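Shared between the two complexes below is chain A, which has chain B as its partner in the first and chain C in the second.
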Partner chain A sequence: MSNSTPFQFPPTYSFPPFFTPQPNSTTRLSQLQKWSLLIQSWCRHHRTYRLSLIEAIESPLFHNSTLRKRIPLSEARNILDWMAESEEKGGGGRRAEWVDGTNKTIAWVWWRRPEEWAGILADWVENTGQKNVVLTVYELVEGEATMSQEWHGMDVDVMMKSLNVLVKRGKAQVFGSEGQEGVKFF
Partner chain B sequence: MLFKPLDLSTALRPSLLPDETLLFVQDAVGLYEGKYKIPHYQDGHAYLTSHRVCYVAVEEPRKHSVAIDLKDIDRAEYQSPRVQNSAPVVKPSASALVNATWICPICTFSNPIPSNFDPFTATATNIPPCLTCGIKPPFTTVLKAAIAAAASSHEGTSINSTPLGGGQDTAQSLVSCPRCTFVNHPSLHECEICGASLSGLLETPNSNQHRAESPAPLIHLQGSIKNTEISDNIKLSFRGGGEKTFYERLKGALVQRKWLLYNAPPVPQQPSPNTALPTNGSVSTPARSPAPGIAGLEQRGLEARRNNEVVIGNAFEDLEALMASAKQIVTLAETLARESGMGDETSSETSAVLSESAAALGMVTTKDMLSSGSENLYLSELSRNLAEYLTDDTKGILQKEGGIISLIDLWALFNRSRNGVELVSPADFQKAAELWESLRLPVRLRRFKSGLLVVQRYDWSDEKTIQQLQDWLLELQQIPPAEPAPWDWRQFGRAITAQETAQRFKWSVGVAAEELEMAEDRGILCREEGIEGLRFWGNHITSHDLESSITNLVI
Partner chain C sequence: MGNTNSSHKISAQDRAILDLKIQRDKLRQYRKRITDLTDRETEIAKECLARDDRKRALLALRRKKYQESLLIKSEKELDQLEQLINQVEFSLVQKDVLFGLQQGTQVLQAINKEMGGIEGVEKLMGETEEARAYQEEISQMLSGNLSNQDEDEVEDELAALQRETQRLQNLPHAPKSKLPERSNEGESQEIQYQGGKAKAQPAIPA
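Showing the complex of A and B:
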């Protein structure tokens, strides 16, 4: 699912130096922060959960055709590396995570982290009085009841990660075989 | 003799007159009048030039600096461990030559030097031959004799005026001949034996007595001693050594009398015939055939060459003769340099400045000018010298380079302006440049992040540079770019390159690149690398107005 309105890029996107890695560490930090925010809002706008870098560097996100400026693959990896790092280690607060480990071609972009999704799911269950009701994961993601919810159409892997967070907290139980999972909220 | 006020240059050194050259510098010198110390003049630099002895105090140099013209100095004495410049008796140099003689190398007859003979303008043409044997003497013989006579005339008077033997009454009135030492009767005006003039010697006993009566110090606690008359003598007390060299060079300068050169005519235009003249008296000028056309031009060239030959030949014959001919040789050398430089049409503006300044740069500090072992003094003098060279408005080295020049460029420029002699080693040069700060001179050495050393004015700072850059960037936000830009130029302005910056501020490109990176380092600028090369923008990445707009977008 994607919105019909075009994505509104921030003003920095049309600032040519934004596409060059800055040597000054202060400037570099701001640059990375702005890129992180831009990638997150881009992914949220397009309801993207896993970002394929190979595709993304050709997309308007990393390629500004008006300026004829682009972010090369290596620099895109640097940005996502920074996003994946925790804030304590000087990173972007784990707003990304590599899906394929060291290959670094596809990354989860956490415009909402699994913990945040778990909170939202728990609230929804609470508000709709579905405690102790068994739901299938397919229902949760694609069902008509969740049409108005933000996670509708969500990547199943992300949904599973979020549910696992709830399981760890003891608020849900996941059962069933691969592809046929059901979930029960407490 | 007067203590004259002294003009100081920007580097707090004496500013020299045209043709004046620096001979020696010594630090830690105190000044005395007679036996008495002059207050505030007890720690300073003594500069010996070809025209003056200058004194510049370390504390408050602009207030406490004086000069004494060499032409006012009667004689210099060496007093262990002090040099004493004694009382002034100013005499025109012509009168000193009246009783000078030259000895004919052939027949040893003492010929008088013509009274109109001037050692600084005379050439080989106008010397009369020996009165006895009729052989024309070598030019240098006459010249040396004239110089020696000029130098010894004053010393001679003081020596000869001392009483001879025991008979006090009679001895005082007797006068010994300066040439043959025969003791003449005081009423005689010429020596009985050799005919030398005695007139000048008769007055000296009086003046000597008069001098002995008034040795009083006139100045005690006055603030300024400028323009005060010195009654007897002044002493320079060398507490840091160097007095022997100073004394030697002072004596040399008194003999050379460079101050007379000031109005000397240039190289004589008339060629001197090398062949001996037929007879004395009538000096027949060689008939200059007014040959037309190329033959005439060739002949004139030949004459000019012959003339130069004579000048050079005379000059190198004897060192003293060389000193007397210095003016001519310098003129000649300059002419040659100008001619040889003419072929190079493509020389840039900087090299034009260079050749000009090479001639104008009279005041150079060399290791030779300072006593050995005084490395620190050499460096500090070199440092002052450099500061002067840089801030000289007539050359405008710093202005032309936009107020900033790399140390290497300056080193090359400075050494080339020394015409290949007394070159400064890079290590000395850097050390001297590092002294600017501690000597409080109006230039500074600065090290960029990359290690590039540059020279700039002392009041120049990074903040000023940044201010200039920011003003420029703001300006660019007002002017629409030449080509329609895909970005919002009202907000971002446009990119600047090192070349543009160099052009705008008249810096060299290397310096401009360093300044831009300095500004980037401070977060004022940010860079854009593209196919056009490295360009710089105002830093709109860290600015806060954009940050808020992005944050709004996310929430």
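Showing the complex of A and C:
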């Protein structure tokens, strides 16, 4: 689960035109889709929830040192903008979201959206018989009981977003003071 | 949201449990920090020894020892805290069980009351017995009323039915051998057909 094995780049990563914005709209769309998938699996592999573009453009994700090709910051923004757009509007289906609004330097990368995490959490609670049990958010993220779960060590903000999805569905209640939240599942 | 959550209220107990669990989390974090520190002290001691600085190395090891004692103390506290949490949670479960038992008993009592007590049941059972005996008497009288002639007719009908079923089972077999010439075939069919008719005839008058 951790990044003990090196990340396997897809074949397109070794294809130089992949790093240049394609003029043909069909090719461009396919290019954006492939970038979206690559960014998602990269973040999943490294358990990254918020992607800092300044750091990312220097990392192997956007900088292919063997090809000596790189994605500049502006193009990275375009890709993430496309990922953030919903599918109905011709985007990548809300697989990203800017953390800092119009600054566009840090983005959530939703390799699992909060709604998807919410489903996984609800299943886990159901399967481990922890309905009506009070849990701290800390133990959900860092506790020994969740060590084997995919969300272990998750960004607390993402956890709160996911829990809030469950709250809206009436399946959980978050309470307690900030930074010391607890959650009760129903 | 408001409607669905109205039954999911956070009680004072929930808040108390959360406080306990947060204390537990804090203790865990503290232990993590101390463990990290002890590891570092060991490193420092090693480095000092490499520089041949025995005094500093000893100091580092003493600090490490002290931190380890803290670790053991905190472990006990953590244990107590977790026990308390488990007890509280278990008591909550027990409370629910007790509530369930109470409700079950109430329902059972209400049902018993509806049945009108043991006397009522006994009376009802007696009446049922009486009605059953009466019914039996009636059927006996009815069956006794059948005349001998009627009985014979019933017997005959049964025999006819039995013959009927037997005849169905005794249907001729389909020929297994190669079919004979055309002219022969017609004849044998006629014979078989007649045989079937002859058997069927005695059944008709019955």
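The rule is short, and it goes like this: the second predicted complex is superposed on the first by the 184 of 186 C-alpha atoms of A that agree within 3 Å, B and C clash if a C-alpha of one lies under 4 Å from a C-alpha of the other, contacts with A are read in each partner's own complex, and residues count from 1 in each chain.
Going forward, a contact is a pair of C-beta atoms (placed from the backbone, for glycine too) under 8 Å apart; a residue touches a chain by one contact, two chains touch by 3 or more.
Remember, predicted model here, so these are calculated numbers, not experimental data.
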Field: Which of chain B and chain C A:26 touches, first, second, both or neither
entry: first
Field: Which of chain B and chain C A:54 touches, first, second, both or neither
entry: neither
- request: Please work out whether A:66 is in contact with chain B alone, chain C alone, both, or neither, and reply first, second, both or neither.
  value: first
Touching partner for A:147 - first (chain B), second (chain C), both, neither: neither
Message: Once chain A of both complexes is superposed, is A:135 in touch with chain B (first), chain C (second), both, or neither?
response: second
- prompt: Is the number of chain A residues in contact higher for chain B or for chain C?
  reply: B
Message: Per the contact definition, I'd like the list of chain A residues that touch chain C in the complex.
response: 133-136, 138-139, 142, 167-170, 173, 175-176, 180, 182, 184, 186
- line: As the complex stands, chain C meets chain A at residues 1, 4-5, 8, 10, 14-15, 17-18, 21-22, 25, 29, 89
Field: Interface residues, chain B side, partner chain A - complex
entry: 486-488, 491-492, 495, 520-521, 523, 526-530, 535, 537, 539-542, 546-547, 549-551, 553-554
- prompt: Given the complex with chain B, which residues does chain A contribute to the contact?
  reply: 8, 10-12, 14-20, 22-24, 26-27, 30-31, 34, 37-38, 40-41, 44, 66-67, 69
